[in-house]
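Following this message is one structure expressed as structure tokens.
When the chains are written out, they are named A, B and C in that same order, and each has its own residue count from 1.
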Amino acid sequence: MMDIVGYGAFFLTTALIFSLITLGLNLQWGLTGLFNVGLAGFVAIGAYTSALLTTPDTVGRLGGFDMPIVIGWLGAMLVTGLAAALTGVATLRLKSDYLAITTFGVAVVVQLVALNAQKLTGGPFGIGFIPRPFAGLAETPVLFNFSNLAVVAGVTLVTYLALEHLSRSPWGRVLKALREDERAAISLGKSARFYRVQAFAVGGAIMGLAGAVQAHFIGFIAPDNYVPTLTFQVWTMLIVGGSGSNKGAILGSVLVWAIWAGSGALTSAAFPTDQQARAASLQIVAIGVMLCVILLVRPNGILGTSPRRPRWFGRKQPPAVSDQNGAAS
Amino acid sequence: MSEPVLLVRDLVAGYEPGVPIVRGASITVNRGEIVVVLGPNGAGKSSFIKAVAGLVPVTSGSVLLDGKDITAAPAHKMVRLGLAFVPQTENIFPQMSVDDNLKVACGILKPGDVPARIEAMYTTFPDLARHRKIAAGNLSGGQRQMLAVARALVVDPKVLVLDEPSAGLSPKFVSMVFQMLADIRNSGVTILLVEQNARAALAIGDRAYVLVEGKDRHEGIASELWNDPVVAELYLGQRPAQPSRSTDTGGAA
Amino acid sequence: MNLQFIVDGLLTGSMVGLGAIGVTLTYSILRFSNFAHGDFMAWGTYATLTAVSAIGAMFGKIAPIGPLSFGWPLIVAVVIGMAFTGLMALLLDKILFARLRAKGQTIIVVMASFGASMALRSLLEFIFTSRPAYFSRSIQIAMPVGYGIRITPDQIVLLLMTALLVLCVHLLMTRTQIGRSMQAVSQNPALARVVGIDVAKVVRVTWLIGGALACVAGVMIGILVQIRPLMGFDMMLPMFAAAILGGIGSVPGAVLGGLIIGLAEAGAVQLIGAEWRAAVSFVILMAVLLVRPIGLFGVRER
């Protein structure tokens, strides 16, 4: 019984960490309409920053500042926010596809650095001995799990409330207007870009925080944690939960994580031990198909708000290639 | 009298289904004539012509080309059916050469006929022949309009349909374009056009309609319409002054 | 400095360039960045591998052509693979992308391509496992051609084939009716319809060409390096960088961009080590976006 409860707390903690990332993505995409295809990279930046700031000195590797956990987390937010701001500044004056491609590149490069810059990141072995908030309780698993859950839930709640406040604020209203009316964006000119960079940076900072929180929750990090599968998981969570809604972000995260863990258990049960890697692939195929189906059938997810079709100079939509007869163009 | 080339009956059309801009317009275009559709701003002239050309959704009514029903046919089939449309803006491919602009429009012709038709266009528009290999975007405004018309003519259409051919052109090019259209009509091509510049259009037109609030309100011989007080009232909302040479805009509302 | 990197660079550049043609065509005609393009490459290669194994099963072991590592079975298999990949791209468009395009937001289509890419990649992993596979295990002798450069017969043939293929595509785009139609649709889809072009047909041709070229690029990688499910995904960043560097919509640009990236990667490997290859594409991409976003041959979008 205690095992299940303990596992439940563990499950929920992981789900909530995901939901932190998803909240950050919701700010970038749901509120501002920015397409981040490399969020795994930003999560990684946050995780490594916090790890480097808080771990004790290690031979052959930079960092080891041995700072308190809170400093680590704040540092993670700062550095990741900065990285996101730079990415935004470089690409937000261009088409939205270019932001997607650039964030994709950021994730690839971050993974590359994490894997190869041994002096900085510990290479393929990653960084271990990351201090955990309630390390003293490690002996009693249930208490440990619950105190971790409390911390993560607390952080998530604070972030959720902050984001809700932000989205209702004048700043948030400007972002919503920019997302829906491209014309207004163009007339605002430079300021529009500034707003979007801010939104992207804050979203990035939240993702960095999530990475840091996870790092301190698990105790060690390695480049393998921050692969495209993570980006994909979070996107699925946001789409399922409903982009544009912070509640949806959290709901989607818990739901999709449950589906993921559940399907993982199913596939590993259905396949012999030497076929486990293949089983994992099948799981991803299933989730990939699920994402495509949801985009086709119910793109607003469960709680999402549907943005009005972006208006282009009074016409219904930008001149686009449509396979129907050309009547709408 | 032979059957009209184009017969539009009670056309109702608009971008959004419940909001018609064209509200039951009917016109007739006979073989070998230029028919002009005029109207104040907001009358729905552009939407009307686009609905005829299959670019604006049609709710009801019919468009018959040589007796064949082409109502709301897909835009890319219109050329094959015999209706060649010249849009008001962005009517050429600026990054393709003049030659390629013409060639790309010849998809519906038999490959063997293409060179002859293209040469025919260069004969009709010698200025274009001089710029064969130039990127269309580097032509002057008047030359671009010429190319747009040539591109529509190259397929030898049953009817040539134009949306405000003088729009955005300087007065010099306006007269050039309208003279060109008159010459094309004289060579036997049927033309339907919508125009803001009433004076220039009525000067070359055979018959004209006045479109007000999406419906045709007045019809007549072009040369008589300019002095028709009913038209002036519909169009301008006032008694017209004697048309002076300095007003080139034809009295926009 | 060892000039061997020129050969490596040209080869990598050819693979990237062939793939980038598909990316640039898809972007300019369909207006979206297809994140599944790399996986077309991988699927095409595995399809070719399957075809070549099937031919081997039917006809027994066939000797390769001359000093090359492959014979006519692979050539036939590549053609089969090209057709397969082209059709697969068409199918994916029909069941997924076209429907989402009709709904409006193109960024959703990009999102779907990302999801499709993960599913396709993982399906390959499931079917074939992640163990690397090879078309041939024979080791080729590299022949010296002067200036300290060595090249294998395979490499020569593949370079020539790439040049030929690129020439064919260029002629198709500039001298044929379908090529002109594709150019027209990429410049102004609404006007293309008015002019009588069947845009749906142009879209189909775009997918067929893009898919077929992706297959060829993948088979090249398979012959020269190895075959594994992630092979296409690893090419995504270089391909996008090449397409953007060359100027979106320009086929010669995509090829030139690919060659530049290939040479840059090969050159950089000499200086900073092979593990940093992927970073080169990213640096070039950022440089282009910051300095001249429309690329070498791109034109300002209307």
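Just a few scattered comments:
The definition used in the following text is that a contact is a pair of C-beta atoms (placed from the backbone, for glycine too) under 8 Å apart; a residue touches a chain by one contact, two chains touch by 3 or more.
Just so we're clear, the structure is a prediction, and the values are computed from it rather than from any experiment.
Put simply, the chain farthest from chain A by mean CA position is B.
When every chain is represented by the mean of its C-alpha atoms, the one lying closest to the mean of all protein C-alpha atoms is C. For this pair, chain A with chain C, the centres built from the Cα atoms lie 30 Å apart. Distance between chain centres (mean CA atoms), chain A to chain B: 54 Å. Here the spacing of chain B and chain C, counted between their Cα centres, is 44 Å.
Contact of a single residue of chain A with at least two other chains is seen at positions 326, 329.
Touching of two or more other chains is recorded for residues 188, 190, 193-194, 199 of chain C.
The multi-chain contact residues of chain B, meaning those touching 2 or more other chains, are 55, 74-77.
The touching residues of chain C, when paired with chain B in their complex, are 177, 180-181, 183-184, 187-188, 190-199, 299, 302. Interface of chain B with chain C (complex): residues 53, 55, 74-80, 85, 87, 90-96, 100, 103-108, 111, 151, 155. Interface of chain A with chain C (complex): residues 33, 35, 37, 90-91, 94, 96-98, 100-102, 104-106, 108-109, 112, 115-116, 228-229, 232, 235-236, 239, 277-278, 281-285, 287-289, 291-292, 295-296, 299, 309-310, 317, 319-324, 326, 329.
Against chain A, in their complex, chain C makes its touches with residues 27, 29-33, 35, 96, 98-108, 110-112, 114-116, 118-123, 125-126, 129-130, 185, 188-190, 193-194, 199-200, 203, 233, 236-237, 240-241, 244, 275-276, 278-279, 281-282, 285-286, 289-290, 293.
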